[in-house]
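Both complexes shown next keep chain A, but they swap its partner, so chain B is in the first and chain C is in the second.
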Partner chain A sequence: MTDLSFENVSITYRSSSSRGDVAAVREVSLDLPAGTTLGIAGESGSGKSTLIMSALRLLPKSARLDGRVLLGGKDLAQLNFGQIRAVRWSQASIVFQGALHSLNPVREVGRQIIEALEHHSKDTWTSPEKRRARMLELLAEVDLDSAKASAYPHELSGGQKQRIMIAMALACEPDIIIADEPTTALDVIVQKQILSGLAALVADRGISLLMISHDLAVLSAVCAKLAIMRHGRLVEFGPSDEVCLRPRENYTKQLAGAFPQIGDQESRMNPRTLRPAEVTRAQPFTMSDEVVLEAKDVSVSFATKRGTERAVRGVDLSLRRAEILAVVGQSGSGKTTLARALLGLQEVEPGSQVAFQGRALPRKAKALRTFRRQVQMILQDPAGSLNPKRSVYEAVVEGLRVQGIRDDEYARVVGALEAAELTPAGDYLESIPQELSGGQRQRVVIAGALALDPQVLIADEPVASLDASVRGEILSLFLALKQNLGMSALIITHDLGLAWNIADTVAVMKKGQIVEYGEVDSVLENPQHEYTQELLAAVPRLGSQSLVRNE
Partner chain B sequence: MSANTPAEAAPGPPDRDPRERGAAIDGAKLVRERRLNNAKKNWALFRSDVPALLGALVLLFFVVIALAAPLIAPAAMLDVTKQLDAPRYAPPSLEHPLGTDGLGRELWVRILWGARVSILVGVAATVMSMVIGTIMGLAAGHFSGLFGGLIMRVIDFFIVLPSLLLAIVLSSVLERGVFTIVIAIGLTSWASTARIVRSQTLSVESRLYIERARILGAGHRHILFRHLLPAVMPLVLANTTLTVGGAIIAESTLSFLGLGDTSKESWGTILKNSMDVSAATSGYWWYVLTPGIAILLVVLAFTMVGRALEAIINPALRSR
Partner chain C sequence: MTRPARNDPHPADPTDPGPASATHSADPADPDPASAAGSTGTADADEPPAGGSFAGYFLRKLGGAATSMILVIVLGFFAFRMLPGDPVLKIAKERPMSPAQIAELRSQYGLDKPVIVQFWDYLVGIVTGDLGESYVYRKTVSSLIVEYLGPTLLLTGTAALIAIAMGLWLGQLSAWRRNSLFDKLASSTSLIFWSVPTFWLGLILLMIFGGTLQWLPTGGMITPGLDPWSAAGIIDVIKHLILPVVSLVVVVYAQFLMIMRASLIEEMSEDYLTTARAKGLTEDEVRRRHAVPNALLPTVTVVFLHIGGLIAGAVTVEAVFSWPGLGKLTFEAIRGPDLPLLQGTFVVFSAIIIVMNLAADLVYRFLDPRVRRA
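Up next is the complex of A and B:
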């Protein structure tokens, strides 16, 4: 059995750019005794990934490490290349972030698992037949069908790919598994499967687990101890329940509060953030009875090689003025397709009806352009939604120019930026997207939509790619837009906590159909459909190592 | 493209708050400063590349001598009737720096005058092929369905066509002249540019900001000219410098085959004349080598500069 310990570790990246040297990790000491679990939480830039890469000496050449990293009592810095190779994978292995990019797209996944065996433990599994048998054994261990061995990565779903990565990490029977955001891109149900799989492995085999994530609830579901990192420093460390439920530091409280507990009345219609958006109207708008956007029996199908696939089947929805409607479902449930159909970006099947303010969705290009002034959409990834070469002013003004709105251009842009709480707007006008943080970029995208004074905003996973602390800010902005401007919003998400935070109504979607639709309070607190219950049960709860103890 | 920011922002309604207008103009100034800074950074990168700098110097030298040819060597020096006293096939010496040809003309004078046509044809043909290639590539990448497919087939047709053969046919069918050569080269060399532009367009087309523009209500024109063209432009520019070299060689080839304008000097014409008198086998080595080396130098210089520009646009190439 092997212990891993970081002794007073500092890691600095040398850089010739104007930023100078960057201290990524500062004086961190942590212990991971054999057979225990430790979670490290922190936002992007907190140095958590850099720290765990040092555990296998995988840092780039430009990094300088001070202090000691001990694996089984040996200082990693003292090992020569042959010795470090022996350590990698057979003593400690990594499940990398983003399984989509860590697998070779042109090789069968089974071959890729065997590759790890060939490189690291030829002595244990001596013949090709034995290695093949071991590979099938590993697939069974991560609950995958043996037929998947001959599949290529693109034929697998995100959750299956992540399981292949875990199988690969287990291949050489390591003592320590290091998991870097293993469930970030996955929806709650798959996330639960992966986490309980990891937890079971830890319990059965006595493997130590070092896991990092930005989501405290995910970590607390599997790990016995938690460490919180910020700006490269260790902020808080202690038993998982202690850190989650009785945090000492303000920063930890903020992280813990970012993802709400469904049923907690305090966070209902009140996303927790240090920077809430201002409600300026004395009598804020509330949901009315006037229907603005209505969908009746909307169906969308795609022609694929295996025949037509029905992505959306007979969906009925209605969005009222000043209503926030959350459409919740797993990935692949047809949420995004539905949103595109509502905007007229996606061809719908005959018989489908979409009406805006009582009139059917126009089909001609010119009428559609006018319609788009009224209904705007915010795409999933703010970084990709902005042309990297154009300034904030140009990005926000784009809609106005396209729509031919020429008067008061400057005032409209500044107004929209201020409505999106990017103040003072003048400071941002000439910035280009790469100079902005993730949250600021999302505000620019929102401002670009607001500049057109739309009645309806459709947002596709508006906070999925943002840090926990920014999440609350953006959600409170949506709430403020509704209350100040009387805007309606349809928000697509896989995050039930988001619905609990800001939505009036929620529609639960499964395989293209809406299985439950109603007021948030009634649906989330008293779910009728079994799928809604399943989704709710899969949401990780803070503290109490829920997954480990349930199994 | 982006020059229209101040242009469109400036003519606002007259009743506009002057403070706001001041801020808008200030904004335009900041944009200009940012562009200037970028240009400075790129220039520093270019300067640190020794081969590229050498290439640029060689190009500058040839362009200057081409422009100044009438001043350095009056056209009379090419008139065979005035060279009756000059020795024929004189090898390079102090008196005749690059030697003379079979009619007693100084080779250096012919190179000087030939540079005018060779470089002009090279650049003009490249510009023509770039314009066609960019338009066709953008259209093929942006429009899907029947129209895009049709354009792609046209591009494919020009790719599989043996370009030299087509150029020969074109220049023998059309009237003789420099312009004909430009058209012949331009029309036959755009297809590969179109392919490059198309692949870049396809990759930019799938970015979310294009989808966002569509959601804002943008039509084809807006997406093509505001987003796609600026995104492919740097690539096209780097490609241009690389293509000029090829066009100069093509011009030399056509002139060498006797399809050029025989009344005008060009490096290819000099090569053809040297072949007509079997200079290589008769020991008049300077007659063959001089135009050959001139072509080599200019093409190499264009390639060096083009590679440096490519590396500036695409940082991933720098460490290779």
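Up next is the complex of A and C:
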């Protein structure tokens, strides 16, 4: 059994740019005794990834490490390259975010697992047949069909890829598994499956687990101890329950509050943030009875090789003025397709009706353009939806120019940026996306939509790629837009906490159908449909290692 | 794990002959996960749909290539009819001919018929492999092309192989050791050579090694009288090959180097390389097994396009070294103007480029499993 400890570790990235050297980790000491579980929480830039990379000496050449990282009592810095290669994977392995690009796209996943065995064959898996048998055994352990061994990464879903990563990490029977955001980008149900699977495997074998995440609830569901990092420093460290439920530091409280507990009345219609958006009207708009956007019996199907797939089946929805409607469901439930259908971007089946302000959605390009001025879309990834070469002004003004709105161009852009709380707007006009933070970029995207004075915003996972503290800011902005401008919003998400934070109504979608639809308070506090109950049960709760003890 | 065991259907075998009309999406990176929704059974709702068949893919690409070929054939006819200069008058200028003789020559070449009839004859000729008779050589164009195609393929094929191997190998090393002395030297020398005109380099090499030093022959493909299949003949051909191949390779390898370098640098920041390192692979293994196969993907398309261009671009080198290839033949046909021969070489050059494109598509599909879904 192997202990891992960080002794007074500082990591600095040398940089020739004007910013000079960047200290990513400052004087962190942490211990992971054999057979224990530790979670490190922090936002992007907190240095948590840098810290765990140092545990296998995987830092880039530009990084300088001070202090000591001890693995099984040996200082990693003292090992030569051959020794460190032997340590990698056989003593400590890493589970990266498999849902993204951690698997080689042009190799079969089975072979990628075997590759790890080939390098650390120990004495057990000496022949190709034995290695193949071991690989199939690993797939069975993570609940994957053996046929998946010959699949390529793009042929698998996010959850399946994450299982492959876990199988690969287990391959050489390591003493320590390091998990780097293992469930980010997965929906709650798959997240629960992955986390409980990981927790069970770790517990059965007495493996130590070091997991990092931005989501405190995810960590607390699996790990016995928690460490909170901010700006490279260790802010708080202690038993999981204590850190989550009785945090000492303000920053921990803020992190814990970012993902609300459903049923907690304090966070209802009140996303927690240090920078709440201002409500300027004396009498804020509230949900009215006037229906703005209505869908009746909307169905969408795609022709695929397996035959016709019905992505959306007979959906009825109505969005009223100043209403925020959250459509929740897993990946593949058809919620994005539904949004595209509501925007007229997706061909619908005959018999489907979409009406905006009582009139059917136009089919002609010119009329659709007018419609789209009223209904604006906001996408998930602000980095991807902004053209990296265009300034903020150009990004926001584009919609105006497309719609042929020529008067007061400058004033409209500034107004939109200020409505999106980028103040003073003048400071941002010339910036390009690269110079902005994730939250600022999402505000620019929102400003681009607001510039056209739309009636409705349709947002697809607007906060999924943002940090916990920024998430609260953006949600509070949505709420303020509704209260100040009477805007309606349809928000697509797999995050039930988001619905609890800001939505008036919620529609739960499964396999293209809406299985439950109603007021947020009643649906989330007293779910009727078993799928809604399943979704709610899958949301990790703060503290108490819920997933470990239940298994 | 506590869930019931999955029973995902095995993703369809890529060679499985299925309906070729997989219209789901032409974009292999279809970002819309919802398109996989609604599948029945125990399959993961989020699992991407299986790919199309190889036969379907091949037929589609073949159809595209055939369309390009038809356009080339049509263009080949009309483009050369628009060239200035009457070939018959040109021939008539060289020796005294009476108007009656000129008219007879015209009818002999079929130039007195209406254009549409000439076009029909041309099409029939292409289908039957009869590309007409060269005005200058007095031989059929097909026999000329067959005679000259071999040397061209020998010259450009050798040059292409060496240039690609050298360019890709140096390119991946440069990228892996980015900003090292090796990288700087390799990139800058290749770029200097890239900026040198091929014919100029050919002439300089000819002067030095063929003229002053007299190490190597100055032109042609083989010393007259030698049997090309005897041992002495083969060595003689290789001697003749060295200078033209060097002039071709030195000028073009830079583009392969730069493409490979750029595409590997792009891959170097990918997460799966960190995974590979964490698994304990050596840096060499990470490069050879993971980074290079991925970096090759964007490179392949460009490389194949350039091979086609290399063959067509051999005209100057063949002219400089009097290499008896298609380039030289074209060069002489332009001076004619020898219409049937020009048409013939034009069609053949275009066909080579189209075939190379088709080959690129097929190789790409073999290299990149993601394209198998398209």
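Keep this in mind: the second predicted complex is superposed on the first by the 547 of 551 C-alpha atoms of A that agree within 3 Å, B and C clash if a C-alpha of one lies under 4 Å from a C-alpha of the other, contacts with A are read in each partner's own complex, and residues count from 1 in each chain.
Assume a residue touches a chain if its C-beta (ideal position, glycine included) is under 8 Å from a C-beta of that chain, and two chains touch if they have at least 3 such contacts.
Predicted, not measured: the structure shown is a model, and the values here were computed from it.
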{"item": "Clash-or-fit label for the pair chain B, chain C on chain A", "value": "clash"}
{"item": "Which of chain B and chain C A:151 touches, first, second, both or neither", "value": "second"}
{"item": "Of chain C and chain B, partner touching more chain A residues", "value": "C"}
{"item": "Contacts of A:282 with chain B and chain C, given as first, second, both or neither", "value": "neither"}
{"item": "First (chain B), second (chain C), both or neither touched by A:368", "value": "first"}
{"item": "Contacts of A:337 with chain B and chain C, given as first, second, both or neither", "value": "second"}
{"item": "Partner chain in contact with A:56 - chain B first, chain C second, else both or neither", "value": "second"}
{"item": "First (chain B), second (chain C), both or neither touched by A:379", "value": "first"}
{"item": "Contacts of A:89 with chain B and chain C, given as first, second, both or neither", "value": "second"}
{"item": "Location of chain C clashes with chain B - one stretch out of 189-197, 207-215 or 243-251", "value": "189-197"}
{"item": "Chain A residues within the chain B interface of the complex", "value": "343, 345, 365, 368-370, 372-373, 376-377, 379-381, 384-387, 389-391, 393-394, 398-399, 401-403, 407-411, 426, 429-430, 432, 445, 448-449, 452"}
{"item": "Parts of chain C lying in touch with chain A, wherever the complex brings them together", "value": "1-3, 5-8, 10-12, 18-19, 22-24, 28, 32-39, 44-52, 270-272, 274-282, 289-290, 293-294, 297, 367-370, 373"}
{"item": "Contact set on chain B toward chain A in their complex", "value": "2, 5, 8-9, 12-13, 16-17, 20-21, 23-24, 27, 30-31, 34, 207-209, 211-219, 222, 226-227, 230-231"}
{"item": "Chain C-facing residues of chain A, complex", "value": "56, 58, 81, 85-90, 93-94, 96-97, 100-107, 115-116, 119-120, 142-145, 147-148, 150-152, 154-160, 165, 168, 190, 193, 196-197, 200, 301-306, 309-313, 330-338, 340, 511-512, 551"}
